[in-house]
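Shared chain: subunit A. Partners: subunit B in the first complex, subunit C in the second.
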Partner chain A sequence: MRWLTEGKTIPVLTIVVVIMIVWYVGAVFMNAPVQRDMNKRAKIEPTTAEFVEQTWNQPKPILPAPHQIAQNFWKATFGVKVTSRRSLVYDAGVTLSSTVLGFALGTVLGVLIAVGIVHLPTLERSFMPWIIASQTIPILAIAPMLIVVLAAIGVKGLIPKALISAYLSFFPVVVGMVKGLRSPDGLLLDLMRTYNAGRAVTFWKLRVPASLPFLFASMKIAIAASLVGAIVGELPTGARAGIGSKLLIGSYYGQTIQIWSALLMASLLATALIVIVGLSERLTLRNMGARP
Partner chain B sequence: MTKSAKSVAAKTRSPRTAKPSSKPAQPSVISAKDLSLTFQTDDGPVHALSNIDLDIGKGDFVSFIGPSGCGKTTLLRVIADLEQPTAGEISVNGMSPENARLARAYGYVFQAAALYPWRTIEKNVALPLEIMGYSADERKKRVARTLELVNLTGFEKKYPWQLSGGMQQRASIARALSFDADILLMDEPFGALDEIVRDHLNEQLLELWERTNKTICFVTHSIPEAVYLSTRIVVMSPRPGRVTDIIESTLPRERPLDIRESPEFLGIAHRVREGLRAGHSYDE
Partner chain C sequence: MNQVYIIGAIVFWLAAWAVNEWLVRLKSANRLVNRTRLVAVPLLFGVAVLVVWEGLVRGFSIQAVLLPPPSAIWARLVSSIPTLWADFRQTFLKAVVAGYVIGNLSGFVFAILADRVDFLRRGLLPVGNLVSALPMIGIAPIMVMWFGFDWQSKAAVVVVMTFFPMLVNAVAGLAATGHMERDLMRTYASDYWQTLTRLRLPAAAPFIFNALKINSTLALIGAIVAEFFGTPIVGMGFRISTEVGRMNIDMVWAEIAVAALAGSLFYGVVALAERAVTFWHPSVRGG
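And then the complex of A and B:
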């Protein structure tokens, strides 16, 4: 019972219950005007209990009730074949592939830029303002242009979406890795100098291991940004699959329940990705003798 | 008393029993002439070192003592080619400090242990050996030998955070010794440790010096530590950093801890204190 009383279980569950209550109550109020209109037209006069139940079970509610989202999510995830167009798993898979590819590209690019910046002071002065400027432009403005330009030169499908993911994810990696590669203090660098160690040796034996904790912290931010990039990348392409396209189609046809269950899938995906990065962080740092 | 008996035995076997106490008969290992170093800062020039003349012979244990700002650490860093002098001459092992550094002529022990937290103790000690290209077999042998020298056998697989401060500093000494440089430069290595650990490490350091026959330059601001360890004590004073006195220790090489209560020891300590007082104006 200790884990129950001392762990995070009870606090987390409490918050969940509070959210559910607020949600259900909110759904009644949000959906009430539409429901009243519909009842008037159909000349139905429900009791209060019946009315509340109606607001929780509309086909296209303004705010769907949690159980509606859960039902839709369950059906779209487990109720259809994975290869089906209606399967959320299929959509998640499509989005995941460009997320992972974009994350990999972004991380590699970010690390390379950071290595360059740490070793060439001119690169920092010439590159850093551009890197920061790149992140001040809304991704929604860049994404359609990028996709149009790439489509014009014949690059379609996975690559443009992955590039948008990479565009969002390289930035935290650059910032984190520059800090990480510079984290060894003067003493440790002096030590390398007394051994007459060259730049390459100092880099591999000192800077790289010292930067790893920073890299993992950056990667957690980068993977979440990658997912956002992949979803945003699916919006202007008119992509026929992916969580982004589900959101777009849902908003065309007012299918709020589908939008919410796609959002649920997106957040589950993000959680899973961050957990994977976190686990590999734990594993790596433990092998590097980190204090448990 | 078993410890001193053991080291007496070691001493009779040692070929260096007849070492003269004053002028080093051995060729000088570190020699500075008119050495100066001025840092240019926004508040004007700072004379960290001013006209230093120094001769350190092979096998000497030389302490640099003085208040903070007297340039003792800077002098050590100049010897190690971590700072460049602005005037004068200095040679280490008969060459420029830079060439001596390139030839890996010295091991440097910093004020903090500066161990790499992601390496085990044995890997930390092996770091310079890896960089200098020793074979895996040779690395293993040398790590075992130097860890034995600093009494850390059995802690090979531990990470630095699992060791006490004193043990960490001993590991960093092992690291400086592992590649067998003739010169050991130590910058207040025990400054952050408590008195009891410090006494213990001082004793071990003397023993180690006796066994390895290295030339040791030792920066400290503790008078008893300087007198207990050294064959020569260089007293320095600040603004500008200069040498005010060089004291040849008349203490025997054999030094049990309680030698620190002998009149001879107190006499030398007194002379160091006088030197410090003379060079230091308290009206600032």
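And then the complex of A and C:
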């Protein structure tokens, strides 16, 4: 019975079940006024049980019931061809491609700048305060402008969104990598010195391996930020595909069920991406001989 | 004529870099000089970026709809202060502040509850960790539908975005005290609330402030992005998206400058409060 009292499974399941119950009850109350109106107009007087069921099956509910979202999600994911405009997989693919491209760009740039900062004191002193300050700035506000301006000079589609993602994922990587490359302490650096190792050798054999755990930790933050960037990048220009455009279209036409299933897809994407980064972290560190 | 601007920008950049190089290497026993150095180097860097921006935009005669020079942005900023102030009041003083306070308070209360009831902690923490990694910004259209176009819906988005970081950090902070300290409180016969207020909350303060700092940025982002989904005709996010549509890019930059300033000030206020509250913490005492 230890797993009952000490594990996480039972408590998490309980929380999920409680959320579901609250959700269904909430759906009844939030959808009730509209349903009452509809019934009055149609001159139907349902019993309480029928009424509850009606509130869970409205076409455009204020709060869709979980099973409605699941149905819509299933239909949009597996019910239509992947290449179709109505397929959620297609939208997820569009968002995913700019997320991954932006993440790759941002990570490479972040690592390069971190290497520069560690080796050039002037760069650190002049650049680092701005990097830290820029974290306090709502960077996403730039997204619409970047997209419109880039469209004006002929850059459209994937690249502008990827640039926003790159911009968002760049900062955590720089901060984490600088910390990581600096993490070897005096003792380790002295050891390299006694081996007569130069700057390059110290960098490749000591600093880089020592920085990898930091890099992966920042990459987890960066990929989540990158996804947010891609989704927000799809909002302002009325992009025709992608999770962000699904959200925007849903909000224009009051298609709440669609919004929720797009959100579900976004959440699954985020989880999957973080899990992938986590797995590659474990693989890399194990191959480097790190003790778990 | 145009080349003059480009060459001037490059020369200024090189000169600024040289001065910075000299400043960084300068060793002085005087503490005041060292302090000034720490501020002067990034400041000079920032000024150099602005000068190069101005020079290149003028030198290559880049159209103002693509990238306006800093001087034009400044002129626009000064001339439209009433509009900017109205937007700031709508987005920041109403939506961000209300959402930030409610979100952090409720996250904190839930953290105390979760800490008290172990079952709740084991259930809530994994869920909270998962949710804080999700793109929560996506609930913006739903909140706009529920709470209408005005600032209440933006505040609701901010509440949802700030709740989970606070929950996760505060729970971690409440677990930060060691057995020795708790045992000491026990030998003093202090009850739960006394231990909480005298020992565990102060020990949790660095974690709580960490969440407050993260949330200060998230709150502003949440409120601005939520305005892309519909607002009354005022607000920073609204202004940005409509002025982009009208190709008034200098106004967009002015609004972004205001947002940046608001974000940094907000963060700075939280950081100052942190220094005042956690004066005993090594990271504060050392600096």
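In this section, the second predicted complex is superposed on the first by the 280 of 292 C-alpha atoms of A that agree within 3 Å, B and C clash if a C-alpha of one lies under 4 Å from a C-alpha of the other, contacts with A are read in each partner's own complex, and residues count from 1 in each chain.
The rule is simple: a residue touches a chain if its C-beta (ideal position, glycine included) is under 8 Å from a C-beta of that chain, and two chains touch if they have at least 3 such contacts.
Predicted, not measured: the structure shown is a model, and the values here were computed from it.
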Partner chain in contact with A:288 - subunit B first, subunit C second, else both or neither: first
Contacts of A:70 with subunit B and subunit C, given as first, second, both or neither: neither
Touching partner for A:205 - first (subunit B), second (subunit C), both, neither: first
A:100 touches, of subunit B and subunit C: first, second, both or neither? neither
Touching partner for A:130 - first (subunit B), second (subunit C), both, neither: second
Which superposed partner A:194 touches (first subunit B, second subunit C, both, neither): first
Partner chain in contact with A:235 - subunit B first, subunit C second, else both or neither: second
Of subunit C and subunit B, partner touching more subunit A residues: C
Touch list for subunit A against partner subunit B, complex: 187-188, 190-197, 201, 205-206, 209-210, 212, 288-291
Subunit A residues touching subunit C - in the complex, by the definition given at the top: 7-8, 11-16, 30, 62, 121-122, 125-130, 133, 135-142, 144-145, 148-149, 152-153, 220, 224, 227-228, 231-232, 235-236, 243, 247-248, 250-251, 254, 256, 259-260, 262-263, 266-267, 270-271, 274
For the subunit B and subunit A complex, residues of the former touching the latter: 80-82, 101-102, 104, 106-108, 110, 112, 114, 116-120, 127-128, 130-132, 159, 161
Subunit A partner contacts - residues on subunit C that touch it in the complex: 17, 20-21, 23-25, 38, 41-42, 44-46, 65-67, 119-124, 126-127, 130, 133-135, 137-142, 144-146, 216-217, 220-221, 224-225, 228-230, 236-237, 240-241, 244-245, 247, 249, 252-253, 255-256, 259-260, 263-264, 266-268
